[in-house]
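This report concerns only the one structure given below.
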Amino acid sequence: MAVTGIILVLFLIAHMLGNLKSFAGQTAFDHYAHWLRDIGKPLLPGVWFLWILRGVLTVAVIGHIAAATALAMRARAARPVRYAHRAKVQGSYAARTMRWGGVIILLFVIYHLLDLTTGHLNPVGDPSKPYGNLVADFAPERWYVTLFYTLAILAIGFHLRHGAFSAFRSLGQQTPRGERRARVAALVFAVALCAGYLVVPFAVLTGLVS
Amino acid sequence: MNLTLRIWRQSGPEDKGRMVTYQVDDVSPDMSFLEMLDVLNERLILAGEDPVAFDHDCREGICGMCGMMINGQAHGPQRGTTACQLHMRQFSDGDTIDIEPWRARAFPVIKDLVVNRGAFDTIIAAGGYITAPTGSAPEAHSVPVAKANADAAFEAAACIGCGACVAACPNGSGMLFTAAKVTQLSLLPQGQPERYTRVIGMVDAHDEAGFGGCTNAGECTVACPKGIPLNTIGRLNRDYLTATTKAAGKPGS
Amino acid sequence: MELFTEGDPIADTRAPDGPIETRWERRRFEAKLVNPANRRKMTVIVVGTGLAGGSAAATLAEQGYQVKSYCYQDSPRRAHSIAAQGGINAAKNYRNDGDSVHRLFYDTVKGGDFRSRESNVHRLAEVSVNIIDQCVAQGVPFAREYGGLLDTRSFGGAQVQRTFYARGQTGQQLLLGAYQALERQIGLGNVEMNARHEMLELIVVDGRARGIVVRDLVTGEVTTEFADAVVLASGGYGNVFYLSTNAKGCNVTATWRAHRKGAYFANPCYTQIHPTCIPVSGDHQSKLTLMSESLRNDGRVWVPKAKGDDRNPKDIPEDERDYYLERIYPSFGNLVPRDIASRAAKAVCDQGRGVGPGGLGVYLDFADAIGRLGRKAVEAKYGNLFEMYERITGEDPYEVPMRIYPAVHYTMGGLWVDYDLQSTIPGLFVIGEANFSDHGANRLGASALMQGLADGYFVLPNTIANYLAGGPFEKVDAGHPAVVEARRDVEDRIQRLLAVNGDRTVDSFHRELGQIMWDHCGMERSEAGLRKAIDEIRALREQFWQRVRVLGDGEGLNQSLEKAGRVADFFELAELMCIDALHREESCGGHFRAEYQTEDGEAQRDDERFSYVAAWEFTATGQPSVLHKEDLKFEYVHPTQRSYK
């Protein structure tokens, strides 16, 4: 769980930094997008790196889901009879929404790939013009897309907040002070990542990026 | 005050069980929760009905025998308090209170609110000890223990084995119980020789008993009447990682 | 009819003589041994898993015997030793304050008001040092100093700091140490653990204890279990008073059943009443909670001077308060020993000056301490106790004085044992609170844990070998007439209890019995009161067998049935306690007879007539018991009158 999660988190960071390129203008962003395909050249033929990366990510996602499913199934088996009186959450909501949050995020990722990677669900849908796809996607009249993205990103934020803290714990963080620091770090990280992701669509929405 | 109780009644392990409603009147706010159940039981007996079976013994919050879900909370609404130390002044006249047994596959119901927590003993038997046969001990002062470590070990050792952590955990995990013992013994110099075999033995026994996996949800430490800290689980994880990935336990390590 | 008859004196034939500090070593050397290969062929039954039973079962299994262990709780870790708060004494002299084995021995004999055996107490003091070593090696997290060494504190009845502790949970930590050692042996297959099993009868074959009849509390199944020796470590009988600091399940059944089969019961009337408990709050009260005695270090005990003064304590001016302990005992003040503090509280309440519901309480006031030391300092010292008090009573002791009242806490009496801890039935050993041996008429604070572990870890595992060396004994099977009879007795008794189907609950009888005992066989006893109590107990016992209502059947978990069996035995014990208290025409330790006190109200011992252990032999239900006297000799500590003025 922790190891696959960390791989995905590293990807999320890189992805966010890439997104922020959109503030540097159309040329820079498109250039960045094309550059992604050429990483590793000439050692690797074109797009190979991207496919390797995609492979690693897919394995990580599958591993992450498999581990989560195993845990969820174990949890279900561990409590065959449910409580009649469901308790309110005493610990953290982030922790208690990991499973459904994860499912929502998965659905979002599929949509996101169809939207901005393959372009099937994008109004422009031209793989050679990523900047155009982006701007068209979050245009003000398509506010519902932005809303959906926002909700999904917030779900990721929640997921990350507990995920990051839990990863520290799983890898052996053990002092009370360390626990406080891990909680703060996880929160700051989750908020920062959310903000980093959300500025782009909102910038498009408000016309800052067009 | 007058209360409505909805209590899980199950005549035996094979029975399906159901919630049954009882009215209890004239409850004194000075009663403990279990004394309130005593009153109910006396009335049931005189009315010829089977009294509610529940586990209890010391009634001072240390033996760990009592335990029930009260309105969905392990040991009820007051933090750091076992069911036997919970008093009725925490409730109000006219309240409806749901009372259920601990729910976990590893804690099968025996009758009504009584469950079998033998799995905890099995976890201890799988390594929750220091091998020190009687008579073999060196002079007590021959190994000093830093006060900070002794205090932290005590904090973890305060676990009463009641099972509230399992009952409250969304995953039905017994990791806080397991980690409390691992932490106590791994903080003490006397516990070092068996440190890594202990953690593997105990975690394996925990998993085999049918407890769920830990996802650090943190419900356990909130429900724990002794406030065993969540970071004990971090310590267990660290010991477990060391034990499984490094040459821990090999000669010279 | 006579209440009892007197039989032949009894003597402890195992106790060696010679210089006292050499006796234990001599006994160990002279005792026969069992070679390791033969140990595997022998089975020992241990009933109870507290400090004594848990440590004994673990140690015997380590030595190679096959052990079968039984407890009524759902896990061996829950035995009531777990609730001991204060600490454990040991003559380590780490403080360099003049402690020694001899001083611990001396303090214990004196604290027991000269009604214990010197040889036993000396052995206890000797092994006390090994206990601490053993527990530290097991990982018991004792309190430590900054230098990493063990911390100690002082405790009642001693002028040295010899009490080792783990915050207010010493019993818990020591018990978990023994429990873990036991679990290790269970994991290794050397101990067969039977939790949720209750011993209901002892099996005696050809004069030897050879097994027990147990009921599986979950399935209701009654089975017979056999062994080469039986060890009872089933604790004390304080619950005969219904309200006590004991756990709800604590009972006398195991020892009482053994008594009925021939084991003598010694000094049943010696009961320790602890002065600082939270008072009863109403009829619903099911148990009493102890507040650590340490509170008396800073709290001042008082009641209003006027009878029935029910003003808010804050409104009662200084000159209308009676700080009675400081008034009567100016030199010890609030720190007089347990028995004296308890009796004084009862005396002022009897005068109608008690406070709180029913007038059964006295104030323990921290206002002075808070004024002198500041709230912070008081909080640091007693914060957790104040919290517990508030949780139970709903009152904030920082604002309102605490209310306290004495409660039954420990029973010094128990089955009679010799120096080897063997009862009058060969092969039946009794350890911990269940026996009578080491505390005399009064137990000092922090000595119960010491005795339990001394018996279980160090004494019994040595002495039982001397008996087992005569074995393995002939195999016993379920078809033996004595076994069949024991089993039938148990089944008949269960059926009798279920068949009454009367109109009163078990608890209502238990409460009534407890009230009789508390009124007449509690802190202060008198001839008239005890005679009245005996009549009342007999009448109530008859009622019990006609009117008790136990629903359900014997198949499966039936908590009313469990309680009914225990209360039935308490009735028989209660009568013997009153008879013992009646016959002992003196006051000593936890036994205070109103007729025998000094002019200023202190206990008056009568060493001429009563310097003996009263060992009672059972004859038949309803028939007088036979008293056997074991004379006590004091060669090292000479009896003196206690004074705390």
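We call the chains A, B and C, going by the order they appear; numbering starts again at 1 in every chain.
Keep in mind that, in the parts below, a residue touches a chain if its C-beta (ideal position, glycine included) is under 8 Å from a C-beta of that chain, and two chains touch if they have at least 3 such contacts.
By chain, UniProt protein names: B = Succinate dehydrogenase/fumarate reductase iron-sulfur subunit; C = succinate dehydrogenase.
Note that the coordinates shown come from a computational prediction; the quantities given were computed from them, not determined experimentally.
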Query: Given the touch definition stated above, what is the smallest step count connecting chain B to chain C (succinate dehydrogenase)?
result: 1
- prompt: Taking each chain's centre as the mean of its CA atoms, which one is farthest from the centre of chain B?
  reply: A
Query: What chain is most central when centres are computed from CA atoms?
result: B
Message: Based only on mean CA positions, could you tell me how far chain B sits from chain C (succinate dehydrogenase) in angstrom?
response: 27
Centroid distance [mean C-alpha coordinates] between chain C (succinate dehydrogenase) and chain A, Å: 64
- line: When centres are defined as mean Cα positions, the distance from chain A to chain B in whole Å is 37
- line: Touching two or more other chains in chain C (succinate dehydrogenase) are residues none
Message: Touching residues of chain B toward chain A in the complex: what are they?
response: 6, 8, 17, 19, 69, 71-73, 98, 100, 103-106, 168, 170-173, 210-213, 215-219, 221-223, 229-235, 237-238, 241
- line: The answer for chain C (succinate dehydrogenase) against chain B in the complex is residues 55, 58-59, 62, 73-78, 80, 82-83, 92, 94, 130, 132-139, 141-150, 166-167, 169, 172-173, 176, 179-181, 183-184, 186-187, 193, 195, 218, 245, 247-249, 281-282, 284-287, 289-290, 388, 391-394, 457-458, 461, 503, 505, 507-508, 549, 551-552, 556-557, 559-560
- request: Mind listing the chain B positions that touch chain C (succinate dehydrogenase) in their complex?
  value: 12, 28-32, 34-36, 38-39, 42, 45-46, 48-51, 53, 55-65, 78, 81, 85, 87, 89, 110-111, 114, 116-118, 120-121, 124-126, 128-141, 143-147, 150-151, 153-154, 157-158, 160-161, 184-185, 188, 190-191
- prompt: Which residues of chain A touch chain B in the complex?
  reply: 1, 70-71, 74-75, 77-92, 95-96, 98, 162, 165-166, 168-176, 178-179
